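Structures given as structure tokens follow.
Next come two complexes, and both contain chain A; in the first it sits with chain B, in the second with chain C.
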Partner chain A sequence: MSTEVQNTETQVKEKKKSEPLFSKKNIQVLKDPLNDNNPVTVQVLGICSALAVTTQVKPSFIMALSVVFVAGFANLIISAIRNTVPNRIRIIVQLVVIAALVTLVDQTLKAFVYDVSKQLSVFVGLIITNCLIMGRLEAFAMQKKPWPSFLDGVGSGVGYGLVLLFVGFFRELFGSGSLYGFQVVPQWAYDAGYVNNGLMMLPPAALFLIGIYIWIQRALNKDLVNIS
Partner chain B sequence: MKALKNLINSIDPHFQKGGKFEKAWVLYDGFKTFLFVPDHTTHDGVHVRDSIDLKRTMFTVIIAMMPALLFGMWNVGYQHYSAYGEESTLIQNFLFGLEKVLPIIIVSYGAGLAVEFLFAGMKGHSINEGYLVTGMLIPLIMPVTVPLWMVALASIFTVVIGKEVFGGTGMNIMNPALLARAFLFFAFPAYMSGEIWVAMDDSKTLVDGFSGATSLVYFDEGLAAFPEGNQVSDMFFGTIVGSIGETSTLAILLGAAYLVFTGVGSWRIMFSVFAGGYIMGLLMNVLAGSAFPGMEVPAFYHLIMGGFAFGAVFMATDPVSAAQTNMGKWIYGFGIGAFAVILRVFNPAYPEAIMLSILFFNVFAPLIDHLVIQRHIKTRLQRA
Partner chain C sequence: MHNNKYTFIYAAIITVIAAVLLALAAEGLRPMQEVNIRLEKKANILSAARVDVSDKSKLEELYDANVIELVVDKKGNVLEGERAFDLEMKDELAKGDDMRLPLYLYETDEGRKVYILPLRGMGLWGPIWGFISLEDDFNTVYGANFDHQGETPGLGAEISTSEFSDQFVGKQIFGDERESVQLKVVKYGTEPNRPSEHRVDGISGGTITTVGTSDMIKNNIMLYQNYFESVKQGDEDGADEIEEEIEQAEEEAVEM
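Up next, the complex of A and B:
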């Protein structure tokens, strides 16, 4: 999946003079993945982990942070060494960089939030193979300068995190009646006959919710209609 | 009738473009075409319009469901009174059932149609008729004790996710009514399986030896677990516990006869579902003796037990989600029947296998059609 990313951003205009850090163009690079070019809903990258870790808000949030970190720095590092990497072995070089960053994240999580780390289990390790990160490296970082690449990585991570939080919010609210671990559906509602929705705890619910997210997004954002 | 027609004609201009209630046109059009055959004519060329439009077709299905529905109402009362060991007359049984079932029907129609109207208004097209049948099918496949808000939730879910996202009536890939039941089955398993089939009354005491289990539960424990007595005829006539409309195979067959007679339901699908179930049941009997006690149950039990007949007659024949080619219909129906029996025998976790089996083959129907057509093209080319 990572190799079939669209190459819309490949036409790079070489800049002659240095531009400010948060120029209009760079802001655009950061903002684009939030809506118009969202990695999950538009590029359809990173769906697998979006289905797996979103039963609750907390793991979704931690997962989103991890992906922001890994995507940002992987883009930065790869972009910095992009001219010295031989083209034929670029994938393995990218993997080494990502794996190093993921190991960093994994150990940090184990050290400070052990319970969440257990909940995320294998999916932190699987960030290595998260198509989002490889996809952005291939499509963006291999061609652009380090700073825009970093912004693109962070933006993609945040765009991914937005979807994760949306899905996690509704799955936890309807599936367990809580949010971020706090009970929000009051006891009197249960007494009156309200029941938690068991479907929300199953992976298909995430698929429905992502589908609904895409539906709403396309209804609001006419630019996306008829893409792909 | 005449007065109604005149009334409609007199208020008609208000709902046309530029009229007072232009915004409510969708609503008005829905009711008008519901009451009378629409008088649209084609403007150019000669096209014959059959007066049996979608609404009339749907109504035929509703009529076909009436025996199952009426019997279901009676059975709800009968099961209730016999659970408490009370004598009751036919009328008493029926009235009790009516009181329990009518709210479910009203909620199903109310919630589903509200969403339909909303979408029709938003998209500016006329109201889809498909929900007429779906709204009646949903109550028939619910246990009588289901909470009403769950019925409403399932109806909304199925209209939005099952139909509107695909483009409305005629575009759905899966049977909406079954999707509603599958949704409830996975979302609230405690309310859709187990001993929930009899309407209870806490102020009375249950009769000794009362068991609220359906025949599918006995089935998973083997032939010996079925209660003594004329179980086979009970299952055929429907005086057993189960979802509201599916217990009586006889009532369903009456509906099936009407559907086949009017040409609305496909006899190919109905027949092949039964054939598939029976043949797979026979195969199970031959292979019986292993760890699955359900394998030794006679094959014809499958056809009268649980929702098999109801699914075969009213669900599998849904013209939208079924296969379209004649050859495809045979394959599709046979697959449903055979797969349902396999699921029933080997997976006790999903007692009502016919539901999952039909949904599964709904997904495969376009593929079956594609293969049938490709094969047809191939043989035609060879002959040419």
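Up next, the complex of A and C:
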């Protein structure tokens, strides 16, 4: 594993002169977490917030955006200062950067989308402890250059967000009969005896949905079976 | 390997940079946050009077048109020249006998008067607050609305749901003597002798928060007792005084 990392590092150094911003490798870094290396379904990181905030699409979406922002910029900043960070306090430095970014996001949400910020309540603050972000800092940003790190952060955030939106979509559709706050199940369906599924509003439903997502993903991609 | 001095200086610099950035952001965004907080308070006041507040754009208008703000003291006198909306129960409760008590008057579409009282108390992890509205007998609950800072999601935090607060509608605050608050949030199956108009079902797993809610209602409503009495007496003498006050307040509102 470590020799692999070294190899890729030397490769990076060789290519240093003129690597285009969206080279094949960088695109790969961005795309990997969307499917084959998805932080939630493959690495199983950040599950708790995925259970808690996905009762509706809107909070899932805002949460996903927040995580994309925090993961992207935390990776960028940490990667930019990676050579100056004293090794003994690197986790603390990472935490300070993450906490600062999360607080920034929290304050911004309170200013512009107050009702969503109330709904997300503590979970925005808990992005700080989301293993996804610190995991990417330790595994990627501490070794790689800022631009690929930024892409990796954004990719991980989007990969996390995709799962959130998937779960939020089904939970809101079956739990409240609406999508992004708009009623989609018509009144006549309720009159005819259709009932919203109360289980969908509870956290276990998210666990089932994530399980189904993982099932489908692994059925489509056999390489993922038994790797985590 | 970096030496100790470098590590310390590095940590200090990082901390200072983060602190300055956050302080700037917090200051810059505060005006917008305060607008949101005030709007939410108005929404909470209105929803305690069972007004539909789902349309945020009409909220200010609804509030300004229908709610009259009053400030009273513990002895039941109406204080002039105070803005009820700017008073925080948190600060006022700490003032003892000098406290100024905000009170909101709402007139329903059918012309019934509803008195909305702010509440503040302690939950399990932190403060809880809300509004409760009483009909003009100062006894029957017309509506209620609760919120909290950090109660446990799914347990104590359920006090902010309408499932919980809707239970208060139609309950009676006082017994026959009107001396002590009889309304109580109780655990299902306990206190079988408490009549149904004085009991509200608690939340399983959220006992401390619901007991806090119960105490909050008891403590806060007692503060308004003297005012209620004086209004009732006034009613017997002819309710003109209050009417005048309301008209005056309405005029002021129009002028503003």
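Going forward, the second predicted complex is superposed on the first by the 212 of 228 C-alpha atoms of A that agree within 3 Å, B and C clash if a C-alpha of one lies under 4 Å from a C-alpha of the other, contacts with A are read in each partner's own complex, and residues count from 1 in each chain.
Quick note on the criterion: a contact is a pair of C-beta atoms (placed from the backbone, for glycine too) under 8 Å apart; a residue touches a chain by one contact, two chains touch by 3 or more.
It should be emphasised that the depicted structure is a prediction, and the values quoted were computed from it without experimental measurement.
Within the superposed three-chain model, A:Ala99 lies in touch with chain C and out of touch with chain B [touch as defined at top]. Set against each other, chain B and chain C differ in how many residues of chain A they touch, and the higher count belongs to C. Of the two partner chains placed by the overlay, neither chain B nor chain C lies in contact with A:Leu220.
Legend: residue contacts after superposition of the two complexes on their common chain; A:Val122 is shown touching chain C, with no touch to chain B.
In the superposed model, A:Phe208 lies in contact with chain B only, and not with chain C.
By the touch criterion given at the top, residues 1-2, 6-7, 10-11, 14-15, 18, 21-22, 25-26, 29, 32-33, 36-37, 39-40, 56, 150, 153 of chain C touch chain A in their complex. Partner chain A is touched in their complex by these residues of chain B: 147, 149-150, 161, 165, 183, 186-191.
Put simply, chain A touches chain C in their complex at residues 52, 84-89, 92-93, 96-97, 99-100, 103-104, 107-108, 110-112, 114-115, 118, 121-122. For chain A in complex with chain B, the residues that touch the partner chain are 193-195, 197-200, 202, 204, 208, 211, 215.
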